[in-house]
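One chain, chain A, appears in both complexes that follow, with chain B as partner in the first and chain C in the second.
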Partner chain A sequence: MNVKQTLDTKGLSCPMPIVKTKKAMDTLDSGDILEVQATDKGAVNDLSAWSKSSGHELLEHKEEDGVFKFWIQKG
Partner chain B sequence: MIKPISAKEIAERVVEGKMFVLDVRNESDFNDWKIEGKGIESINRPYFDLLDGVEEVLEHLPKEEVVVVCAKEGSSKMVAEMLAEEGIQDVYYLEGGMKAWSEYLLPVKIGDLKDGGSLYQFNRIGKGCLSYLVESNGEAAIIDSARMTEAYEDFAKENNLEIKHMIDTHLHADHISGGRSLAEKTNATYWLPPKDAEEVTFSYEALEEGKDITIGHTKIEIQPLYTPGHTIGSTSMIVDGQYLLSGDILFVDSIGRPDLAGKAEDWVSDLRDSLYNKYNNLSKDLVVLPAHFGKISELDEKGGVSAKLGDLFEKNSGLNIENEAEFRKAVTENLPPQPNAYQEIRETNMGKINPSNDEQREMEIGPNRCAISE
Partner chain C sequence: MEQTQDKTTMVVFSGDLDKAIASFIIATGAAAMGKQVTMFFTFWGLNVLRRDEYVNVEKSFLDKMFGKMLPRGPEKLGISNMNYGGLGAKMMKYTMKKKNIASLKELIEVAQDLDVKMVACTMSMDVLGITKEELIDGLDYAGVASYLADADESKINLFI
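This part shows the complex of A and B:
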């Protein structure tokens, strides 16, 4: 996957992972892929719902050693 | 300036007050489970849709007194601050979020016992779980304890009670029992029906028919009554000849579901026999005290949940299905979704797994869903 930028939100709790993701996304171009790393469990549901409601596409997400990783393509 | 509001204050508003709630969790969480009450009005706008501003939602809010609610607290604080900046007066955020709301226990006195003791219901309003404390002459028994045992410990301390017995009417699937942990802490006896305890990893005292438990020096007997159906071991208790603690067999508005331990078909006839024969043979003057409520409308003006057994035989539709095949259908088909993480919760209650405190809180999120209808 051609990741344009990686955002580390590990250790941050709600709402910061989404606030930071949104800020990072605002600087990207349509089609760019952002990788987000988070440790807040709530981020899983919230990032998928946010991606949908803001027109981005959550391409994939997985958990690795307690870290949630998301790949979101800007819409 | 935004202000915190505690789960305790929310409970007061739910029981007899008014409140406007802006719930900023995502839509599926809100639809699944939210703060409800007679005087509670609520709308849902996920916090992540309000990051650019709250203008859109302002027209749907009152000009003063809004309580912003989220899962843990963080997002509700952020949105509350944005609302306050827009000029709304008295913006509150729920301290500890829905997690705290799910964990709050409201003690309600149900009544006095013949020989001077009394019986209290601890209502976990956010999740719909009901537990009980029977006290007499300085001793106490706690039935169907919630995981958060501080509420009972504080109560016992304030009232100079020694906790002697922790009793579970059955192996719970919707919440983690505090029975075993508080029994260990206070040197109390932990009681569990043996048929629900075949796989447990700890020692316990068998809760069986014929074994009366006496609290205090006065004779307040707790008589166990074997009433399988929700689980194979489900046991009801008659306290002081006045109160029927029905566990998850009979609720005020519904009846227990037989499927949470994976044996719905096998237990249908047990459930029917418990309700239509065993309960039907008891005094109709008994006050039924269940382990759950389903709808917030079941709460009385003090926040308690109870009903006369005779009234339930007239009004509760689950007690009025004459045809056996129809009964089978009602308790096995079109059941509501199962409680969150119910299998892991059962395993925790058997002592097979030992999740951390945070994991336990996470497992218990959402409504109880132990009845056949919501």
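This part shows the complex of A and C:
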């Protein structure tokens, strides 16, 4: 996957992961892929919901050693 | 793709720390989801917007008393349950900091950064004798009609 930017929100709690994701996404172009790393337990549901209502596509997510990783393509 | 530009509106009536935190989490979250957010601060909610330092303004005796009794800004608010004269609020702030959760002060800054519209209710300001000089910068000043006009265009509308 051609990741344009990686955003580290590890250790941050709601609502900061989506706030930071929004800020990072604003700097990207349509079609770019943003990788987001988070440890907030609500992140899976939150970033899915955020992507959906913001018009972006959550391509994939997985958990690695307690860190959630998301790949979101800008809509 | 265009982000949906529907609005989110909120009346912040409470001056309790926990409720103020909840309202700012929802407001910043909504703004991060691309919504235009209006927070309308009325009655005790105005305390959230007060500057933490004393501001010397000409006031009546009663207004001065109110000013002294009401908490000055996010650091001075109590929590709605188990406050125990401020001890509960201190514990809450301590544990939130330890767990790396944004403080109310930080959340207000995030909200301002995300262009959340914060409106101070001018009628409540009159009631509590609070002047513009005593409130933080970057606020709008308005009344119920302005709030209702925004609420009319919102899908999410809360009273906290």
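In this section, the second predicted complex is superposed on the first by the 75 of 75 C-alpha atoms of A that agree within 3 Å, B and C clash if a C-alpha of one lies under 4 Å from a C-alpha of the other, contacts with A are read in each partner's own complex, and residues count from 1 in each chain.
Here is the rule we use: a contact is a pair of C-beta atoms (placed from the backbone, for glycine too) under 8 Å apart; a residue touches a chain by one contact, two chains touch by 3 or more.
All of these numbers come straight from a predicted model, not from anything done at the bench.
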item: Chain B versus chain C as contact partner of A:7, first or second or both or neither; value: neither
item: Which superposed partner A:22 touches (first chain B, second chain C, both, neither); value: both
item: Partner chain(s) touched by A:75 [first = chain B, second = chain C, both, neither]; value: second
item: Which superposed partner A:55 touches (first chain B, second chain C, both, neither); value: second
item: Which superposed partner A:30 touches (first chain B, second chain C, both, neither); value: second
item: Partner chain in contact with A:44 - chain B first, chain C second, else both or neither; value: neither
item: Residues on chain A lying within both footprints (that of chain B and that of chain C); value: 13-16, 18-19, 22, 50, 53-54
item: Complex contact set, residues of chain C against chain A; value: 1-4, 25, 28-29, 31-34, 99-102, 110, 114
item: Chain A to chain B touching residues, read off their complex; value: 13-16, 18-19, 22, 41-42, 45-46, 49-50, 53-54
item: Residues of chain A defined as touching chain C within the complex; value: 11-16, 18-19, 21-22, 30, 50, 53-56, 75
item: Complex interface listing, chain B residues touching chain A; value: 26-29, 46-49, 51, 70-72, 74-75, 78, 362
